[in-house]
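The same chain A turns up in both complexes below, where it pairs with chain B and then with chain C.
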Partner chain A sequence: MQRVQGFAQRVKASLQVYAVGARIAMLERLQYPLASLMFMVNVLIEPIIYLVVWSSATAAQGGAVGGYTAGQFAGYYIIWTFVRQFNLAVGPDSFNWRIKNGSLAGELLRPIHPIDIDLGWNLGFKVMQVVYWIPIGVILWLMFKPEVNPQGWQLLSFPIVLMLAAYVRFFVMWLVGLICFWTERIDSLIELYFAAELLFSGRLVPLEIMPVWAQKIAGYLPFQWTFYFPIELLLGRVTMSEFWMGVLAQVAWILAAYVGIRLVWVRAVRRFTAVGA
Partner chain B sequence: MLRPLKLFGLFARISILNEVQYRANFFMQVLQSSLSLGTGLIVLNVVYSYTDNLGGWSQAELLAVYGVFVLMSGLIGSLVLPNMWAFMEDVREGRLDFTLTKPEDSQVLISVRVVAIWRLVDVLLGIVVLGVAIGRMGLEASWWLAFAFAATLIMGMILLYCVLLLASILSFWFVRVWELMEMMQSIFQAGRWPVGIYPDWLRLGLTYLIPVAFAVTVPAEALTGRLTPELLAGTFVFTLVALFVTRRLWMFGLRNYSGASA
Partner chain C sequence: MSTNSIVVKDLRKTYKVPEREAGLKAAIKSLVARKTKDVHAVDGISFQIEPGEIVGFLGPNGAGKTTTLKMLSGLLYPTSGELSVAGHVPQKREREFLQQITLVMGQRSQLNWDIPAIDSYDLYRAIYGIPQEQFTQARDEMIEVMQLKELVKKPVRNLSLGERMKAEMVGALLHQPGVLFLDEPTIGLDVTMQRRIRAFIQEYNQRYKATVLLTSHYMADVQALCKRVIVIHHGKLLFDGDLTALVERFSAQKTLVLTMSDMNGRTPDMAKYGTVVTQEPNRVVLRVNKSDAPQVTARLLADLPVTDLTVDDPPIEEVIESVFDAPETSE
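What follows is the complex of A and B.
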């Protein structure tokens, strides 16, 4: 009984930490509306480029390319913009500057795990991003006339898949970021990571359209569960069995990354020498 | 006219001497540039595995567009952007005062101070991609083509310099403009594809607001024989106007700068 109570208390404490972190992030976003808007443009330019490219390609091919119509491409990339707001994560390079400018030293002194600080902050950030996204989503919807036909179960399960997608990306990136404790020169590594994500997540191009070798590689990586899977689900292109496979893969990747973080974190902190405290 | 070039040569030498101390950075840059080049080429291939023309451009022609894009990113990334970042930092920290007291034109000084030489790797890669594209297009070399390409490339670079400097000048009034710079850099990515494929509102923005069209598409058009003399003349006039406006706004901005250390 005592243990259950202790656990409940810990959960409650964590939730409080998240709530506070989220509130801070939301206030920050509100404080700089113009900066938030520009950040949004940054995030949106990429899908719009590819939406246009594939629209031109379908127009040149007379209606459809690789099983997608122009309307489905539009749907794919508009849902992309929505999914992107949710799977925004703390970049792996954030550890680099947190170590360099010494703010990590301060974070380590607190009785909270830094990942909890990030989780809360990231949550608030997402909420505000979604708020900023709504008008843009409406405009894009009207402009590009997407074809989105989810069935009832696909629509209902989308929020869960979206949340899982967000946390696959968050935990995997956090784990990758821990490399910063071993080396400062991780720029190239981060580049490699993001190049892989671009190609194997369905971020640039729907995976189904990628060559077979790329689809095979994507099967071994976590990326497709953060973009391709939720997008395809809402587009109405995922079967029931694919759905269960996907959810299972998402949960597995979250667990794997979480265990990875627990294992690596203890060793990482031991290597850390405070700077500028 | 020669003085700015001499200054540029001087600062470039210092930059190079500075950077060759860190040769590991060269290999990092090679790795990063090859990665992004590889990603770009894969996507280009995927698109052209489903269609043989995009907005009237063949695969070889689009490879030329991509080559110009990589080349231009390298030029801007090594010669222009580092200077803009340094300038904005100077305004924020109040170090611009030291530049203003020097007996040279301040706009020239802040524009030529830094050369990020390793970014020139992209220039080389861009030239290689262009070479391959030209080979595939079976281009007939002519003086007009070479001249039009070189001229549009230089004017495109000047136009991008003007727009980036205009954005940086805003830091005289709003100290925090790096988000704007980042936004412009990501919009520049749209230049990987010919601007003709974009919807009207976006194409206009990419032509006049952030002149991606002039910087990448027009030189590529010159190379693929689509450039008319009228467009070349128009580009020239637009470049002159942009230079003039930028100069004016620089002077105006300077009058607003109140210094931080004085």
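What follows is the complex of A and C.
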């Protein structure tokens, strides 16, 4: 009984930390509106380039490329910009500077797992990014006239899939970041990680346009569940069976990454406390 | 119920540090056969601190003070030895243990720089699960004592070093820990700020009966707060006892300050009494061996028209320096 109560209290405490952490992230974003705007511009340049390129390509091909019309490409990349705001995660290299500037030592002194603070902070960060995205999304919508035709169930399930996509990306990147406890030189590894994400997530092009071998590789990686799957769902291009398979894959990746974090974190802290900051 | 005592027995921390000669040849050689050497940051120290004590933890840079504090707060795993802080083994990093301690490092900030400190305090409330009423009362009292009322509403990056340190102290103590590890809490602060931080630590200690282990290069901090000091050097314990006993033991000299009546332009040869520190027409400062002080004082009074004479210990900084220079003997 006492254990259950303890667990309930811990959940309540964690939820409080998420709420306060989210509020602090929002305050931070409001503190630097110009920096937030520049960040948004930086995030949007990438899909706009893709959008322009693929719009030209579809026009040159007589209206469609790989089964996507110009309007569907527009829909794909505009939804992309929204999904991107939502699946922003704590970068794997953040552990590098947290170790170097001593903030990790401070976090380890607190009676809570640092991931709880990150989860809360990341949530607030996303909320502000989405708020900043709204006017830009409206402008893009009016400019490129996307073809987006979701059915009712696809529209209703999109927020859940989006949330799961965000947590897949958050937990996987947190796990990758733990490598920093063993080596400071993870820049190349992080670049490799993001290159793989770019190719196999549907971030660069819809996976359907990629060669079959690339699609097969993507099937073994978590990336497509963070971009391609939610985008395709809102475009109305996902069947019910594909939907359930996708949700299962998202949950499986979250669980796998979470278990990975639990296992690696203990060793990471042991290593950190052996050699110091 | 666990007390806030600290027990350290034969504590050691050894780091393996890569070592190689300069040059390309040595660099290539080190790829095949990597040489390391052991650095004994803390080398078998033992002490015990009772609940409610404020103890000064002294030593030159690199003596092992911060390493010890990190082991005591669970941030570093000891190579060997036993540790107990508030009834817990620090390296286990249990939730209950972390609730009872705080580590303040003067050169590192824990507050979020981009937002006002008062918002960071709210995060601490959630992290430590402090009931809202208790939190508000503790926070407002500490803000009042530290005179931070307006400052906690400014982003931390806009605060001066001293203001930031005051805000850090409040943040570190909001959960009312029973054991405080303070690593140079007054470093870089002006005299007024130092005094305020000291007063705050003293008041907190008296009010909550908290145990405090404090490192500082400012002897004023140590003199104002610590009855007892522990001195370490090269990771070994050199002294553990009262500050007055430290002075008594390691100060080999006394300072005599003489004021004399008019000597009619005559300048006496003071060098025959001891080492002359300063000499003005009617005032002389002499340094003499402690054992010679009574005889020299008697001779001065007999030989010269002394109107005032004081016998002092040398400044504490000089005493501490002499401790570091002394041969290494642990006790």
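Side notes on the structure shown:
To be clear about the criterion, the second predicted complex is superposed on the first by the 269 of 277 C-alpha atoms of A that agree within 3 Å, B and C clash if a C-alpha of one lies under 4 Å from a C-alpha of the other, contacts with A are read in each partner's own complex, and residues count from 1 in each chain.
Keep this in mind: a contact is a pair of C-beta atoms (placed from the backbone, for glycine too) under 8 Å apart; a residue touches a chain by one contact, two chains touch by 3 or more.
What you are looking at is a predicted structure, and each value in this text was computed from that prediction instead of being measured.
Of the two partner chains placed by the overlay, only chain C lies in contact with A:Ala19; chain B stays clear of it.
Of the two partner chains placed by the overlay, only chain C lies in contact with A:Pro111; chain B stays clear of it. When the two structures are aligned on the shared chain, A:Gln31 is found in touch with chain C, with no touch to chain B.
After overlaying the two complexes on the shared chain, residue contacts for A:Gln9 are found with chain C alone; chain B is out of touch.
In the superposed model, A:Phe39 lies in contact with chain B only, and not with chain C. Within the superposed three-chain model, A:Ile139 lies out of touch with both chain B and chain C [touch as defined at top].
Looking at the shared chain after the overlay, A:Leu263 reaches neither chain B nor chain C. Residues 9, 13, 16-17, 19-21, 23-24, 27-28, 31-32, 101-103, 105-106, 108-112, 117, 269-270, 273-277 of chain A touch chain C in their complex. Listed in rising order, the residues of chain B touching chain A in the complex are 24, 28, 31-32, 35-36, 38-39, 42-43, 46-47, 49-55, 176, 179-180, 182-183, 186-187, 189-190, 192-193, 197-199, 202.
Interface of chain C with chain A (complex): residues 15, 67, 70, 73-77, 91, 93, 95-96, 98-99, 101-103, 105, 108, 110, 112, 114-115, 119-120, 122-123, 125-129, 155. The residues of chain A lying in touch with chain B in their complex are 34-35, 38-39, 41-42, 45-46, 48-49, 52-54, 56-57, 60-61, 65-66, 143, 185, 187-188, 191-192, 195, 198-199, 204-205, 209-211, 214.
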